[in-house]
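All remarks here apply to the structure that follows.
Labels run A, B and C following the written order; every chain starts at residue 1.
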Amino acid sequence: MKKDYGNLLESVRSKKPLIHHITNYVTVNDCANITLAIGASPVMADDLNESADITGISSALVLNMGTLNERTIKSMLIAGKAANKARIPVVFDPVGVGASSFRNQTASQILEDVKVSVLRGNISEIRRIAGMQSTTKGVDASHEDMLNTDDAITVTKTLSSKLGCVVAVTGAIDVVSYGEKAVCIENGNPMMSNITGTGCMCSSLIGSFCGAAPDLLFDATVSALLAMGIAGEIAFEKAGEKGNGSFRVALHDAVSSMDAKTLTGRAKLYEA
Amino acid sequence: MKKDYGNLLESVRSKKPLIHHITNYVTVNDCANITLAIGASPVMADDLNESADITGISSALVLNMGTLNERTIKSMLIAGKAANKARIPVVFDPVGVGASSFRNQTASQILEDVKVSVLRGNISEIRRIAGMQSTTKGVDASHEDMLNTDDAITVTKTLSSKLGCVVAVTGAIDVVSYGEKAVCIENGNPMMSNITGTGCMCSSLIGSFCGAAPDLLFDATVSALLAMGIAGEIAFEKAGEKGNGSFRVALHDAVSSMDAKTLTGRAKLYEA
Amino acid sequence: MKKDYGNLLESVRSKKPLIHHITNYVTVNDCANITLAIGASPVMADDLNESADITGISSALVLNMGTLNERTIKSMLIAGKAANKARIPVVFDPVGVGASSFRNQTASQILEDVKVSVLRGNISEIRRIAGMQSTTKGVDASHEDMLNTDDAITVTKTLSSKLGCVVAVTGAIDVVSYGEKAVCIENGNPMMSNITGTGCMCSSLIGSFCGAAPDLLFDATVSALLAMGIAGEIAFEKAGEKGNGSFRVALHDAVSSMDAKTLTGRAKLYEA
């Protein structure tokens, strides 16, 4: 089961792909810093006068609906289409879908108009996009939705098959599915949900890995989630008892210090 | 005088109230992280297509005018009215009022159209809203305005009585007034004014406590300011000599590590 | 060659100039915190209803095109003209110029309509503005563009002469030119390019120094870059091996702890 995911990390570091983000203003700084920490290069540009141009010079596009507004929805659609035309991967993070009809409509429109390569969300968000009942708590998964790993696996596989893209559910256990392949990842630490942006940062890492390996979307997504999960474990070991602020700093440290050996060696994953 | 403010902290931690923020993009990440650190759950959504919906699923609303713009003013008014209708607390932080007529007009409009539960600002901002002379320095209180605690008490009491809401002035000494009650809080550390966002974070903490205890707005506000002030003291003890970056990290650590015993035990407050 | 740059730092600390930023939402928090760390006071306000008013109470204006949009371009032009009228320094950071025609047009328009006091960018950005061939990688300088210090000196001098303002190229070696004067600064550490916002923070520091010493724009710019470069060295000594997160915290620590003696004593600069 253990592929050499470290190879993909080295690929990110050597190619330094440019990752275009249209994302929210809450965690955008974390997204930029984590993209740099993994070895890629971030660019954030959300005006419709340039969103297609910036996508055109990039290796992947990350669309994140965290602080959605009418202006940037248009830019997301234009950039998404430009990415499809340029055949670069599109990562879609439907933050908070289920929390308002505006978010529900926007997520539907993006999935209709743009060929998404990787869809990543928490279980509440992914259930909602799969058309299943889901209870959301703002931008966080609800406790009820998180209880059942078997359910998460089923939803992820079904939605991946329906949308024809990689689907990743992140949480205590991450699930990634694409075509015939599906894995569960057990890396990570509960403290990751105590700071804002860990989900958004996962999407940025997925964008970084997919930008470096556009023909290996499944493996790239798994590698990104391994990197984040293992970094969370290392951060907890180093700074967990100090508190949220130190944990966050240690998380960025751990991603920037991640090497291929650690990524492969500490990976805890199994077929789903 | 010393109530068991720790109880309220435990209430935030157990209820994990969802706190809707329409806030500025300078300190929004700090606000989200401090809300998580105290045990509540932040959601930031500022588009008028969803601001009422998001308020509708939340336990409190925080309106912060730090980076005001025409688009989000409308969203603030809609969200504020939705909060009033849903009878959830509204915290208003009139950042930089006095610095431009645009800010003055917006603050007036919010106070006219929305029933605010807690108004929090620095002394220059609160003097301005009280219709008194005030000199402002951008978003910081002016030196002249900060000199006189007796004056701060008078202004706070008068404005609270006029507006019929909790009024909190934060600074070297915090003053909170509501109805017959008024206290001064002496916790805190001067280094808190060396980093951006400590005022905004106070408002997020007030939102978190009020969301957990909507029938105890005065005590909730006092508890929030105690938590912030005591965290500032602890952060200074741990990291003050290292510099601003470490102090900021330690501040987040201290809020996330705050327990009921520390909150009650270290509280330095007296009737005003 | 070694002037007493420390004097200028002390001037920032004693005058605490208010620095109006219209800047991007990726690094705005870093810009606010670094402005406070050097001893100045930041205010971020980008609505066209108040941008001139806020400039009117400020000591310097920083325009940063990192996340450009149509709304804030108008505010930048209005604020820029207000700054010219009030005779306060304008620092212009043409982030990502070359990455889209929208950015190219905006940079041209700002330089046409506003009398800029200091232009700061990476070598790719400055080459582009000078009308020379340049390859850009999103918002980062391209490797090819960075190779030649002699070229950077020539471009900087030529552009400074053409625009009649201070021009600063920052990178492994910084070059600053104005009129007859030109220097190279060798302070800094490569790790500074591993975190987002070091360029933006340089512009904020330049704004802070120019706001305190508006009649010494060249020396103020050099002092700001020395402060940032030396802080980068100190941060690397303290935290470089820990990773990106710790390095970033240590950078803010080092700026806030910078004293006149360190600034002058560690300065490595020579005439260009």
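Going forward, a residue touches a chain if its C-beta (ideal position, glycine included) is under 8 Å from a C-beta of that chain, and two chains touch if they have at least 3 such contacts.
Predicted model, so just to flag it, every value in this text is computed and none were measured.
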* C-alpha-based rotation, chain A on chain B, 0 to 180 degrees, nearest 5 -> 120
* Compare the two sides of the chain B and chain C interface and say whether they are made mostly of the same residue numbers, over half shared, or of different ones. => different
* **Chain centre separation in whole Å, for chain C relative to chain B (CA means)** => 33
* Junction residues of chain A - those touching two or more other chains -> 25, 29, 248-249
* To do: Could you please specify the touching residues of chain A with respect to chain C in the complex?
  => 18, 20, 25, 28-29, 32-33, 36-37, 41-47, 49-50, 53-54, 57-58, 71, 248-257
* **Contact set on chain A toward chain B in their complex** => 24-27, 29-30, 66-70, 96, 99-103, 137-140, 194-197, 242-246, 248-249
